[in-house]
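Okay, got some structures for you below.
What follows is a pair of complexes built around chain A, which joins chain B in one and chain C in the other.
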Partner chain A sequence: MNNSLKQHLIKSLQKNIRYDGRKIDEFRDIKIETGVSHGAEGSARVKIGETEVLAGVKMAIEKPYPDTPEKGNLMVNAELLALSSPEFEPGPPGAKAIEIARVVDRGIRESKAIDFEKLCIEKGEKVWSVMIDVCTINDAGNLLDAAALAAITAIKNTKFPAVKDDVVDYKNKTAKGLPLSRWPITVTVYKIGDCFIVDPLSEEEDAYDARLIAAIADDNNVCAMQKGGVEPLSIEEIGKMLDIIQKIAPKLRKKL
Partner chain B sequence: MTIKRIDKRKADEMRPMKAEVGVIPSADGSAVFQAGNTRAIVSVFGPHDLHPKFLQNPERGILRCHYNMMPFSGHGDRVRPGGSRRSKEISMLIEKSLISVLDLENFPNAVVDVFVELTETDAGTRCAGICAASMALADAGLKMKDLVSAMSMGYLDGEILVDINSDEDCDRGATDVPIAFIPSEDKLSLLQLDGDVSKEILLKLLEIGKQKCLEIDQVQRKALKNKFKERLK
Partner chain C sequence: MVDKMLIKDKEIVVPGDKIASGMGFLPGRGTFRKNSDILAEKLGILNVDGNVMKIVSLSGVYLPKVNDRVIAKVIDVLMSGWRFDLNSAYSAVLSMKEATSEFIQKGADLTKYFQINDIVVCKITNVTSQKLIDVTMSGPGLRKLRGGRLIKVNTNKVPRIIGKEGSMVSMIKNATGCNIIVGQNGLVWIDGEPDKEVITVKAVKMVESEAHTAGLTDKVAAFLEKETGVKTAKVNKK
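Moving on to the complex of A and B:
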């Protein structure tokens, strides 16, 4: 975004006015659907305004990692599909996709959303792997929060597949869901000039100086965090940004 | 002679179809086409500049299709992202089945990109992809001779089946004949076969397939008209 346009944007934000008429701390409408892909053990579609992502969970029986022989495996992958934006190209995931995947992964892992010990079948030999893939359908800004919300909703929607003689029978699902305890909610606050906004449109995303992503657990504790953008942040600013995140997370939690 | 289909369909009955255009606002054209539990979503970008330059054709624009199954969309193991020999071949077949209805004479050196994503699959994915892609190309406002409709015909236990699902195709080993049909030309632009069938039956099966594709054509046209009806409201 060119500088004069950005200055204009900042002036508007200072008056609490945004491109689409929202307040600076207001999300667009959120729509969530579950069970949208029948082949997956769990799936969800999340729309935030015009932004749309799909998340699906596949389960498999695999060997555990050597350092966690009694725990199930988690894998999170994000695909910024070329279908969803003229900016994205086909090919292996770039830094942006990898960051989304890793931030979502840490939110789930660190908040202990899934009780991984209960995913152990035989110590050191067989555990359940939970593989979450997030695919973007339309990018109209804030893919990150949408991806996190889709991932957690898909986990919640997941049912174990049936197992016959240690082989997974993907055609039949059981009624048993994943062992879940806490729910991380990921919210990102963007700093543009001296203003803080949430749920940016693509145009606002182009203009941000710094951002703070945080995954918040049920008790409002912070489970994962990542600072992004080119500008550094003061501790005072980080405090303010976390205030906004902690105010918004419970609202998003209600949508689950 | 009546064959039992897992979804209780008659031999000549298609799966329930759903079609919609303009589903991806960031794209120049987009559409979704669903037959039973096979769902393809497609976006079209272009015509725009083609890079690297040596791929450009100074005579006309080119069409480039990318077919991909989402990692969780299969009915077995997770599909590893990044493409496979299968997805490359299908991408090419989708391209060939659509190119003849497109007029890209006026777009030298340019490319039209078509991204076909499968969100869930139950056989017939390339056909659903072609149906959605032809609607998305029309939605993008490209000059076209006609829409293309596609479906997988099958032959199992002496009976001709339309729009086969994965139970029939993969589990029961039906002969699988995916076709794409251009109504105004009365010609097929996609034809493959895996199985075992006599010439007589094959030709009969293709005739039935043609008729069924006309039903799909109606669904596609209705979806395109609906978008503009909504807009004029």
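Moving on to the complex of A and C:
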């Protein structure tokens, strides 16, 4: 986006009007469906406006990592499918896909959403692995928040598969869900000019100066944070952005 | 063999549909001849013009045509011109001569005139069989666009958005006070007050999604009146 288009966008944001008519701190409509995939142990489809993301959870019995012999494993992978935006190409994941996967992973890990010790079957030998795959179906802005919301909804929807003689029977699910204790909500605030916005459109994502992603735990405290974008942020600005995030997060939590 | 129409005028055809058989018919845009039959090449509405079969497509990407006024983005500065993205599979070149009437010194900095990411309205002057495209900036209304915002629409609906002799677009302009430029390549540039721009975008999207329906002008007029509170004076049709 060139500078004159960006200045026009900022002028509109200063009047508290987004390009689709929303206010600057307003989310688009969020729709959540669960259990959309029969092959996965848990799945969810999240739509934020026209943005659409799918998340699926697979469970497997694996050897634990040597440094955490009593804990289950968590793996998050994100794929930006080429069908979701003209900008995305097929092939190995790029910086944007890796960032989404890492932010989602960190939000779940640092909020201690899953009680990993309860995923241990035999110390040092056998633990449950939780693998979350996030696929984008359509990118109309704000893939990050949509991906995080889809991932947390999918693990909430997850049921352990049946196990017979140490072999996982993926055809049959048990009624037992994952040992979950907290629900992290990830919200990103974008800074464009001197305006702070949430839930950006694609145009706004093209024009942002800086952004702050924060995962918020149940008690509305921040449990993970990441800064992005080329411009620096001052301490006051980060404070302001976190205030916005803490105001938005409870609203998103209600959608879970 | 007797010439015979197999599909009626204004009906929807899909690729491979046999439209007519017999050498008395001629294939036009979107159709081709196989033996003595005329077959459809793409999805669209059949338009019979005398004995020529044409298809008006319902969707698809923009294919550059000579004399189209398009909205383009500068994607490269060349040795003696600029390369434009036309929202199409093919890019266009603007030569120095077509860019300005000023004299440009040898080795001058061309970014003084157009920079990468600038948005311009230009006209296509030539399209070769290999889809090499020339554009010009000389002509009424052809200029660099400053400010405003761009939206993308289906290029096949552009004639409907413009309306008969520009009636639809001028109605939206009058109601919202926004400046609107519709490029044949499916890019629409809008500049006005933020709240009015939102209404404009909604109106344009409404025309785009309901392009095939009858009485669209009245529907859009009612929508604009409701949103802006301004009674839309009907643009006189000739």
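One rule holds for everything that comes next: the second predicted complex is superposed on the first by the 256 of 256 C-alpha atoms of A that agree within 3 Å, B and C clash if a C-alpha of one lies under 4 Å from a C-alpha of the other, contacts with A are read in each partner's own complex, and residues count from 1 in each chain.
Methods note: contacts are C-beta pairs under 8 Å (C-beta built on N, C-alpha and C of every residue); 3 or more make two chains touch, one makes a residue touch a chain.
Being a predicted model, the structure only gives us computed values, none of them experimental.
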item: Which superposed partner A:S4 touches (first chain B, second chain C, both, neither); value: second
item: Which of chain B and chain C A:K164 touches, first, second, both or neither; value: neither
item: First, second, both or neither for A:K254, with chain B first and chain C second; value: neither
item: Chain B versus chain C as contact partner of A:S12, first or second or both or neither; value: second
item: Comparison of chain B and chain C by chain A residues contacted; value: B
item: Touching partner for A:D20 - first (chain B), second (chain C), both, neither; value: second
item: Which of chain B and chain C A:E203 touches, first, second, both or neither; value: second
item: Of all residues in chain B, those that touch chain A in their complex; value: 24-27, 37, 39, 41-43, 45, 66, 68, 70-78, 81-82, 113, 115, 117, 119-122
item: Footprint of chain B on chain A - complex, ascending; value: 36-40, 43, 50, 52, 54, 56-58, 60, 77, 79, 81-86, 90, 92-93, 131, 133, 135, 137-140, 170-171
item: Footprint of chain A on chain C - complex, ascending; value: 115, 117-119, 146-150, 191, 194-195, 197-198, 201-202
item: Interfacial residue positions of chain A with respect to chain C in the complex; value: 1-2, 4-5, 7-9, 11-12, 15, 17, 19-21, 203
